[in-house]
Amino acid sequence: MKKMLTMLALVIAAPLALQSNAVLAADTEKTKKVVYHVNKADMNTIKAGLRNVTNHINSPSGPETQIEIAVHGGGINMLTEARNDPQLQAAIDNVKANGVEIKVCANTLRGKNLDVKEDLYDTQESDIVPSGVAHVADRQMEGWAYIHP
Amino acid sequence: MKKMLTMLALVIAAPLALQSNAVLAADTEKTKKVVYHVNKADMNTIKAGLRNVTNHINSPSGPETQIEIAVHGGGINMLTEARNDPQLQAAIDNVKANGVEIKVCANTLRGKNLDVKEDLYDTQESDIVPSGVAHVADRQMEGWAYIHP
Amino acid sequence: MKKMLTMLALVIAAPLALQSNAVLAADTEKTKKVVYHVNKADMNTIKAGLRNVTNHINSPSGPETQIEIAVHGGGINMLTEARNDPQLQAAIDNVKANGVEIKVCANTLRGKNLDVKEDLYDTQESDIVPSGVAHVADRQMEGWAYIHP
(Lines give C-alpha, C1' and ligand atoms only; values in the text may rest on other atoms or scores of the structure.)
Protein backbone atom coordinates (compact mmCIF):
# COMPACT_ATOMS: atom_id res chain seq x y z
CA MET A 1 0.00 0.00 0.00
CA LYS A 2 2.82 2.34 0.95
CA LYS A 3 4.53 1.50 -2.36
CA MET A 4 1.35 2.29 -4.25
CA LEU A 5 1.03 5.63 -2.50
CA THR A 6 4.63 6.46 -3.39
CA MET A 7 3.95 5.61 -7.05
CA LEU A 8 0.80 7.69 -6.97
CA ALA A 9 2.73 10.60 -5.53
CA LEU A 10 5.31 10.27 -8.34
CA VAL A 11 2.60 10.18 -10.99
CA ILE A 12 1.11 13.38 -9.60
CA ALA A 13 4.45 15.05 -9.01
CA ALA A 14 5.97 14.36 -12.46
CA PRO A 15 3.83 16.82 -14.46
CA LEU A 16 4.19 19.40 -11.69
CA ALA A 17 7.97 19.10 -11.88
CA LEU A 18 7.81 19.53 -15.67
CA GLN A 19 5.56 22.56 -15.29
CA SER A 20 7.91 24.02 -12.71
CA ASN A 21 10.80 23.58 -15.15
CA ALA A 22 8.79 25.28 -17.87
CA VAL A 23 8.10 28.24 -15.61
CA LEU A 24 11.78 28.47 -14.67
CA ALA A 25 12.74 28.31 -18.36
CA ALA A 26 10.28 31.09 -19.18
CA ASP A 27 11.72 33.17 -16.32
CA THR A 28 15.20 33.03 -17.83
CA GLU A 29 15.24 35.50 -20.70
CA LYS A 30 16.31 33.82 -23.95
CA THR A 31 18.71 36.40 -25.35
CA LYS A 32 20.36 33.95 -27.73
CA LYS A 33 18.55 32.11 -30.49
CA VAL A 34 19.75 29.37 -32.80
CA VAL A 35 18.22 27.27 -35.53
CA TYR A 36 19.62 23.79 -36.23
CA HIS A 37 19.32 22.83 -39.90
CA VAL A 38 18.51 19.10 -40.24
CA ASN A 39 18.33 18.12 -43.93
CA LYS A 40 20.43 14.95 -44.28
CA ALA A 41 18.79 11.49 -44.52
CA ASP A 42 21.73 9.76 -42.79
CA MET A 43 20.57 8.64 -39.33
CA ASN A 44 24.04 9.08 -37.78
CA THR A 45 24.01 12.74 -38.80
CA ILE A 46 20.47 13.11 -37.45
CA LYS A 47 21.33 11.50 -34.11
CA ALA A 48 24.54 13.51 -33.83
CA GLY A 49 22.42 16.63 -34.42
CA LEU A 50 20.14 15.73 -31.52
CA ARG A 51 23.18 15.09 -29.29
CA ASN A 52 24.51 18.52 -30.35
CA VAL A 53 21.23 20.15 -29.31
CA THR A 54 21.31 18.32 -25.96
CA ASN A 55 24.89 19.46 -25.35
CA HIS A 56 23.89 23.00 -26.33
CA ILE A 57 21.05 22.94 -23.76
CA ASN A 58 23.45 21.69 -21.07
CA SER A 59 26.19 24.19 -21.95
CA PRO A 60 26.76 27.39 -19.94
CA SER A 61 24.89 29.25 -22.73
CA GLY A 62 21.97 26.80 -22.58
CA PRO A 63 19.66 28.60 -20.15
CA GLU A 64 19.72 31.82 -22.21
CA THR A 65 19.44 30.11 -25.62
CA GLN A 66 16.22 29.45 -27.53
CA ILE A 67 16.65 26.51 -29.90
CA GLU A 68 14.69 25.42 -32.95
CA ILE A 69 15.28 22.42 -35.19
CA ALA A 70 14.21 22.97 -38.80
CA VAL A 71 13.62 19.65 -40.56
CA HIS A 72 13.33 19.25 -44.34
CA GLY A 73 14.43 17.03 -47.21
CA GLY A 74 16.13 13.83 -46.06
CA GLY A 75 16.17 15.21 -42.52
CA ILE A 76 12.48 14.25 -42.25
CA ASN A 77 13.83 10.75 -41.41
CA MET A 78 14.27 12.08 -37.87
CA LEU A 79 10.48 12.11 -37.44
CA THR A 80 9.51 9.14 -39.62
CA GLU A 81 12.13 6.79 -38.09
CA ALA A 82 11.28 7.92 -34.55
CA ARG A 83 7.86 6.23 -34.86
CA ASN A 84 9.61 2.86 -34.47
CA ASP A 85 12.72 3.85 -32.52
CA PRO A 86 12.18 4.36 -28.76
CA GLN A 87 15.72 5.73 -28.27
CA LEU A 88 15.17 8.35 -30.95
CA GLN A 89 11.78 9.16 -29.39
CA ALA A 90 13.48 9.69 -26.02
CA ALA A 91 16.07 12.03 -27.55
CA ILE A 92 13.32 14.07 -29.26
CA ASP A 93 11.14 14.08 -26.13
CA ASN A 94 14.10 15.26 -24.07
CA VAL A 95 14.99 18.29 -26.20
CA LYS A 96 11.31 19.25 -26.46
CA ALA A 97 10.93 19.00 -22.67
CA ASN A 98 13.74 21.56 -22.58
CA GLY A 99 11.85 24.03 -24.76
CA VAL A 100 13.20 23.11 -28.19
CA GLU A 101 10.68 23.44 -31.04
CA ILE A 102 10.82 21.29 -34.17
CA LYS A 103 9.64 22.93 -37.39
CA VAL A 104 8.77 20.75 -40.39
CA CYS A 105 8.80 21.72 -44.07
CA ALA A 106 5.45 21.48 -45.89
CA ASN A 107 7.21 21.07 -49.25
CA THR A 108 8.96 17.95 -47.95
CA LEU A 109 5.71 16.42 -46.66
CA ARG A 110 4.03 17.07 -50.02
CA GLY A 111 7.02 15.81 -52.02
CA LYS A 112 7.30 12.59 -50.01
CA ASN A 113 3.53 12.20 -49.60
CA LEU A 114 3.74 12.12 -45.78
CA ASP A 115 0.87 12.75 -43.39
CA VAL A 116 1.57 14.83 -40.27
CA LYS A 117 -0.46 12.58 -37.96
CA GLU A 118 0.09 9.20 -39.62
CA ASP A 119 3.75 9.30 -40.58
CA LEU A 120 5.59 11.69 -38.24
CA TYR A 121 6.42 11.19 -34.57
CA ASP A 122 4.69 13.67 -32.23
CA THR A 123 4.13 16.40 -34.83
CA GLN A 124 1.22 18.84 -34.98
CA GLU A 125 -0.12 21.02 -37.78
CA SER A 126 1.24 24.03 -35.87
CA ASP A 127 4.79 22.65 -36.34
CA ILE A 128 4.55 22.91 -40.14
CA VAL A 129 6.23 25.81 -41.99
CA PRO A 130 5.65 26.44 -45.71
CA SER A 131 9.36 26.03 -46.61
CA GLY A 132 12.12 24.66 -44.40
CA VAL A 133 14.93 26.58 -46.12
CA ALA A 134 12.97 29.84 -46.18
CA HIS A 135 12.28 29.37 -42.45
CA VAL A 136 15.99 28.85 -41.76
CA ALA A 137 16.92 31.99 -43.71
CA ASP A 138 14.10 34.07 -42.21
CA ARG A 139 15.21 33.11 -38.67
CA GLN A 140 18.70 34.39 -39.46
CA MET A 141 17.16 37.62 -40.78
CA GLU A 142 15.53 37.90 -37.33
CA GLY A 143 18.95 37.56 -35.68
CA TRP A 144 19.14 33.84 -35.02
CA ALA A 145 22.40 31.88 -35.30
CA TYR A 146 22.63 28.87 -37.63
CA ILE A 147 24.16 25.45 -37.08
CA HIS A 148 24.39 22.69 -39.69
CA PRO A 149 25.08 19.46 -37.78
CA MET B 1 0.22 29.56 -92.03
CA LYS B 2 -1.92 30.13 -88.98
CA LYS B 3 0.29 27.71 -87.06
CA MET B 4 3.39 29.58 -88.16
CA LEU B 5 1.91 32.87 -87.03
CA THR B 6 1.10 31.37 -83.65
CA MET B 7 4.66 30.12 -83.31
CA LEU B 8 5.99 33.50 -84.35
CA ALA B 9 3.79 35.14 -81.76
CA LEU B 10 5.16 32.80 -79.10
CA VAL B 11 8.74 33.48 -80.12
CA ILE B 12 8.11 37.21 -79.81
CA ALA B 13 6.05 36.93 -76.64
CA ALA B 14 8.45 34.70 -74.67
CA PRO B 15 11.20 37.28 -74.07
CA LEU B 16 8.55 39.91 -73.31
CA ALA B 17 7.02 37.67 -70.64
CA LEU B 18 10.49 37.11 -69.13
CA GLN B 19 11.17 40.83 -69.20
CA SER B 20 7.83 41.51 -67.53
CA ASN B 21 8.73 39.04 -64.76
CA ALA B 22 12.08 40.72 -64.34
CA VAL B 23 10.41 44.12 -63.96
CA LEU B 24 7.95 42.72 -61.41
CA ALA B 25 10.81 41.13 -59.47
CA ALA B 26 12.70 44.40 -59.45
CA ASP B 27 9.60 46.20 -58.20
CA THR B 28 9.40 43.98 -55.10
CA GLU B 29 12.01 45.19 -52.64
CA LYS B 30 14.39 42.41 -51.64
CA THR B 31 14.63 42.93 -47.89
CA LYS B 32 15.94 39.43 -47.20
CA LYS B 33 19.17 38.07 -48.59
CA VAL B 34 20.61 34.58 -48.44
CA VAL B 35 23.69 32.85 -49.79
CA TYR B 36 23.60 29.11 -50.49
CA HIS B 37 26.97 27.45 -49.94
CA VAL B 38 27.55 24.70 -52.53
CA ASN B 39 30.89 22.95 -51.90
CA LYS B 40 30.17 19.20 -52.04
CA ALA B 41 31.04 17.12 -55.13
CA ASP B 42 28.12 14.72 -54.59
CA MET B 43 25.54 15.34 -57.33
CA ASN B 44 22.60 14.40 -55.09
CA THR B 45 23.61 17.14 -52.65
CA ILE B 46 24.04 19.59 -55.53
CA LYS B 47 20.63 18.77 -57.03
CA ALA B 48 18.97 18.91 -53.61
CA GLY B 49 20.53 22.35 -53.17
CA LEU B 50 18.98 23.56 -56.43
CA ARG B 51 15.59 22.14 -55.36
CA ASN B 52 16.01 24.00 -52.04
CA VAL B 53 16.62 27.25 -53.91
CA THR B 54 13.56 26.65 -56.10
CA ASN B 55 11.40 25.97 -53.03
CA HIS B 56 12.82 29.10 -51.41
CA ILE B 57 11.83 31.19 -54.45
CA ASN B 58 8.31 29.71 -54.38
CA SER B 59 7.89 30.15 -50.60
CA PRO B 60 5.92 33.06 -49.09
CA SER B 61 9.31 34.73 -48.39
CA GLY B 62 10.46 34.22 -51.98
CA PRO B 63 9.37 37.52 -53.54
CA GLU B 64 11.24 39.54 -50.91
CA THR B 65 14.38 37.34 -50.85
CA GLN B 66 17.53 37.89 -52.90
CA ILE B 67 19.39 34.59 -53.42
CA GLU B 68 22.96 33.84 -54.37
CA ILE B 69 24.61 30.45 -54.85
CA ALA B 70 28.33 30.42 -54.01
CA VAL B 71 30.08 27.51 -55.70
CA HIS B 72 33.56 26.28 -54.78
CA GLY B 73 35.56 23.10 -54.19
CA GLY B 74 33.70 19.94 -55.19
CA GLY B 75 30.57 22.06 -55.66
CA ILE B 76 31.96 23.18 -59.01
CA ASN B 77 30.53 19.88 -60.33
CA MET B 78 27.21 21.73 -60.53
CA LEU B 79 28.55 23.76 -63.45
CA THR B 80 30.86 21.20 -65.09
CA GLU B 81 28.26 18.40 -65.05
CA ALA B 82 25.52 20.74 -66.31
CA ARG B 83 27.30 20.98 -69.67
CA ASN B 84 26.08 17.44 -70.45
CA ASP B 85 22.94 17.24 -68.31
CA PRO B 86 19.86 18.98 -69.77
CA GLN B 87 17.83 18.48 -66.56
CA LEU B 88 20.54 20.16 -64.50
CA GLN B 89 20.71 22.94 -67.10
CA ALA B 90 16.96 23.47 -66.77
CA ALA B 91 17.20 23.69 -62.97
CA ILE B 92 20.03 26.24 -63.21
CA ASP B 93 18.22 28.22 -65.95
CA ASN B 94 15.07 28.28 -63.83
CA VAL B 95 16.65 29.73 -60.68
CA LYS B 96 18.58 32.28 -62.76
CA ALA B 97 15.36 33.32 -64.53
CA ASN B 98 14.07 34.04 -61.03
CA GLY B 99 16.92 36.39 -60.21
CA VAL B 100 19.36 34.00 -58.51
CA GLU B 101 23.04 34.75 -59.14
CA ILE B 102 25.70 32.05 -59.14
CA LYS B 103 29.16 33.07 -57.90
CA VAL B 104 32.16 30.88 -58.71
CA CYS B 105 35.45 30.62 -56.80
CA ALA B 106 38.59 31.60 -58.75
CA ASN B 107 40.76 29.43 -56.45
CA THR B 108 38.74 26.37 -57.45
CA LEU B 109 39.03 27.12 -61.17
CA ARG B 110 42.80 27.54 -60.81
CA GLY B 111 43.18 24.44 -58.61
CA LYS B 112 41.18 22.24 -60.99
CA ASN B 113 42.53 23.92 -64.12
CA LEU B 114 39.05 24.82 -65.40
CA ASP B 115 38.23 27.43 -68.01
CA VAL B 116 35.20 29.67 -67.44
CA LYS B 117 34.01 29.48 -71.06
CA GLU B 118 35.16 25.97 -71.98
CA ASP B 119 34.34 23.95 -68.88
CA LEU B 120 31.47 25.64 -67.01
CA TYR B 121 27.82 25.84 -68.02
CA ASP B 122 26.59 29.39 -68.71
CA THR B 123 29.22 31.19 -66.63
CA GLN B 124 30.76 34.61 -67.32
CA GLU B 125 33.90 36.28 -66.04
CA SER B 126 31.65 38.59 -64.01
CA ASP B 127 30.42 35.57 -62.02
CA ILE B 128 33.92 34.84 -60.67
CA VAL B 129 34.88 35.86 -57.11
CA PRO B 130 38.47 35.61 -55.83
CA SER B 131 37.57 33.17 -53.01
CA GLY B 132 34.31 31.29 -52.55
CA VAL B 133 34.60 30.99 -48.76
CA ALA B 134 35.63 34.62 -48.32
CA HIS B 135 32.62 35.61 -50.45
CA VAL B 136 30.28 33.53 -48.27
CA ALA B 137 31.68 35.09 -45.07
CA ASP B 138 31.67 38.62 -46.51
CA ARG B 139 28.01 38.27 -47.52
CA GLN B 140 27.14 37.35 -43.93
CA MET B 141 29.09 40.41 -42.72
CA GLU B 142 26.78 42.41 -45.03
CA GLY B 143 23.74 40.88 -43.30
CA TRP B 144 22.98 37.92 -45.54
CA ALA B 145 21.70 34.62 -44.15
CA TYR B 146 23.60 31.39 -44.87
CA ILE B 147 22.33 27.97 -45.89
CA HIS B 148 24.47 24.86 -46.37
CA PRO B 149 22.37 22.39 -48.40
CA MET C 1 81.88 26.37 -37.50
CA LYS C 2 80.48 28.73 -40.14
CA LYS C 3 77.60 26.29 -40.70
CA MET C 4 76.89 26.20 -37.00
CA LEU C 5 76.81 29.97 -36.84
CA THR C 6 74.39 30.08 -39.75
CA MET C 7 72.14 27.59 -38.02
CA LEU C 8 72.36 29.57 -34.81
CA ALA C 9 71.39 32.72 -36.69
CA LEU C 10 68.39 30.92 -38.17
CA VAL C 11 67.32 29.65 -34.76
CA ILE C 12 67.46 33.18 -33.39
CA ALA C 13 65.88 34.80 -36.45
CA ALA C 14 62.91 32.41 -36.80
CA PRO C 15 60.97 33.57 -33.73
CA LEU C 16 61.77 37.19 -34.57
CA ALA C 17 60.26 36.74 -38.04
CA LEU C 18 57.18 35.16 -36.51
CA GLN C 19 56.89 37.99 -34.00
CA SER C 20 57.21 40.52 -36.79
CA ASN C 21 54.34 38.82 -38.64
CA ALA C 22 52.25 38.83 -35.47
CA VAL C 23 52.83 42.55 -35.02
CA LEU C 24 51.88 43.23 -38.64
CA ALA C 25 48.71 41.13 -38.23
CA ALA C 26 47.78 43.01 -35.07
CA ASP C 27 48.26 46.30 -36.93
CA THR C 28 45.61 45.40 -39.50
CA GLU C 29 42.23 45.86 -37.88
CA LYS C 30 40.14 42.68 -38.09
CA THR C 31 36.72 44.04 -38.99
CA LYS C 32 35.41 40.71 -40.28
CA LYS C 33 35.14 37.58 -38.18
CA VAL C 34 34.27 34.04 -39.17
CA VAL C 35 34.01 30.71 -37.40
CA TYR C 36 34.59 27.50 -39.35
CA HIS C 37 32.52 24.59 -38.02
CA VAL C 38 34.49 21.33 -38.22
CA ASN C 39 32.36 18.41 -37.00
CA LYS C 40 32.73 15.66 -39.61
CA ALA C 41 35.03 12.66 -39.04
CA ASP C 42 35.81 12.30 -42.75
CA MET C 43 39.46 13.33 -43.30
CA ASN C 44 38.78 14.65 -46.83
CA THR C 45 36.22 17.08 -45.40
CA ILE C 46 38.65 18.07 -42.64
CA LYS C 47 41.52 18.67 -45.08
CA ALA C 48 39.24 20.57 -47.46
CA GLY C 49 38.22 22.74 -44.49
CA LEU C 50 41.85 23.60 -43.77
CA ARG C 51 42.42 24.42 -47.46
CA ASN C 52 39.31 26.66 -47.29
CA VAL C 53 40.77 28.51 -44.30
CA THR C 54 44.11 28.92 -46.11
CA ASN C 55 42.34 30.30 -49.19
CA HIS C 56 40.32 32.62 -46.96
CA ILE C 57 43.53 33.96 -45.38
CA ASN C 58 45.04 34.53 -48.83
CA SER C 59 41.89 36.16 -50.26
CA PRO C 60 41.52 39.94 -50.60
CA SER C 61 39.38 39.83 -47.41
CA GLY C 62 42.04 37.82 -45.56
CA PRO C 63 44.00 40.63 -43.89
CA GLU C 64 40.85 42.10 -42.31
CA THR C 65 39.32 38.74 -41.29
CA GLN C 66 39.73 37.04 -37.92
CA ILE C 67 39.26 33.26 -38.25
CA GLU C 68 38.47 30.60 -35.70
CA ILE C 69 38.04 26.87 -36.25
CA ALA C 70 35.59 25.23 -33.84
CA VAL C 71 36.23 21.49 -33.59
CA HIS C 72 33.78 19.00 -32.08
CA GLY C 73 32.27 15.54 -32.64
CA GLY C 74 33.95 13.62 -35.43
CA GLY C 75 35.84 16.78 -36.38
CA ILE C 76 38.21 16.07 -33.49
CA ASN C 77 39.95 13.71 -35.95
CA MET C 78 41.69 16.83 -37.25
CA LEU C 79 43.73 17.01 -34.05
CA THR C 80 44.06 13.31 -33.22
CA GLU C 81 45.14 12.32 -36.74
CA ALA C 82 47.58 15.24 -36.96
CA ARG C 83 49.76 13.60 -34.30
CA ASN C 84 50.93 11.10 -36.94
CA ASP C 85 50.44 13.10 -40.14
CA PRO C 86 53.19 15.65 -40.88
CA GLN C 87 51.25 17.15 -43.81
CA LEU C 88 48.23 17.76 -41.61
CA GLN C 89 50.52 19.23 -38.95
CA ALA C 90 51.96 21.63 -41.53
CA ALA C 91 48.47 22.74 -42.61
CA ILE C 92 47.47 23.37 -38.99
CA ASP C 93 50.76 25.12 -38.18
CA ASN C 94 50.33 27.32 -41.23
CA VAL C 95 46.84 28.62 -40.40
CA LYS C 96 47.87 29.17 -36.77
CA ALA C 97 50.94 31.12 -37.88
CA ASN C 98 48.43 33.33 -39.71
CA GLY C 99 46.48 34.08 -36.54
CA VAL C 100 43.78 31.38 -36.76
CA GLU C 101 42.69 29.98 -33.39
CA ILE C 102 41.39 26.43 -32.97
CA LYS C 103 38.73 25.90 -30.29
CA VAL C 104 38.02 22.37 -29.05
CA CYS C 105 34.81 21.06 -27.46
CA ALA C 106 35.13 19.73 -23.89
CA ASN C 107 32.05 17.51 -24.36
CA THR C 108 33.78 15.75 -27.24
CA LEU C 109 36.98 15.16 -25.25
CA ARG C 110 34.95 13.74 -22.36
CA GLY C 111 32.74 11.61 -24.64
CA LYS C 112 35.71 10.15 -26.53
CA ASN C 113 37.93 9.97 -23.44
CA LEU C 114 40.67 12.09 -25.02
CA ASP C 115 43.42 13.90 -23.17
CA VAL C 116 44.37 17.41 -24.33
CA LYS C 117 48.11 16.83 -24.00
CA GLU C 118 48.34 13.14 -24.84
CA ASP C 119 45.90 12.76 -27.71
CA LEU C 120 45.59 16.10 -29.53
CA TYR C 121 48.16 17.81 -31.73
CA ASP C 122 49.44 21.13 -30.34
CA THR C 123 46.42 21.87 -28.15
CA GLN C 124 46.40 23.71 -24.81
CA GLU C 125 43.86 23.88 -22.01
CA SER C 126 43.15 27.46 -23.08
CA ASP C 127 41.89 26.17 -26.44
CA ILE C 128 39.05 24.19 -24.78
CA VAL C 129 35.48 25.54 -24.79
CA PRO C 130 32.67 23.90 -22.76
CA SER C 131 30.53 23.15 -25.83
CA GLY C 132 31.58 23.35 -29.48
CA VAL C 133 28.07 24.02 -30.81
CA ALA C 134 27.29 26.61 -28.14
CA HIS C 135 30.58 28.34 -29.02
CA VAL C 136 29.66 28.40 -32.72
CA ALA C 137 26.22 29.88 -31.95
CA ASP C 138 27.58 32.37 -29.42
CA ARG C 139 30.15 33.63 -31.94
CA GLN C 140 27.33 34.32 -34.42
CA MET C 141 25.44 36.17 -31.67
CA GLU C 142 28.60 38.33 -31.39
CA GLY C 143 28.40 39.08 -35.13
CA TRP C 144 30.68 36.41 -36.57
CA ALA C 145 29.95 34.73 -39.91
CA TYR C 146 29.64 30.94 -40.10
CA ILE C 147 31.06 28.48 -42.61
CA HIS C 148 30.43 24.72 -42.64
CA PRO C 149 33.13 23.20 -44.85
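For reference, chains read A, B and C in written order, and residue numbers begin at 1 within each chain.
What we mean here is this: a contact is a pair of C-beta atoms (placed from the backbone, for glycine too) under 8 Å apart; a residue touches a chain by one contact, two chains touch by 3 or more.
Bear in mind the structure is a predicted one, so any value in this text is a computation, not a measurement.
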Lowest number of touching-chain links that must be crossed from subunit A to subunit C: 1
Equivalent-chain rotation between subunit B and subunit A, CA atoms, steps of 5 degrees: 120
Distance between chain centroids, defined by C-alpha means - subunit B, subunit C (Å): 33
Junction residues of subunit A - those touching two or more other chains: 146, 148
Touching residues on subunit B, where the partner in the complex is subunit A: 32, 34, 48, 51-53, 55-56, 58-62, 65, 145-149
Of subunit A, residues touching subunit B in the complex: 37, 39, 72-74, 105, 107, 130-134, 136-138, 140-141, 146, 148
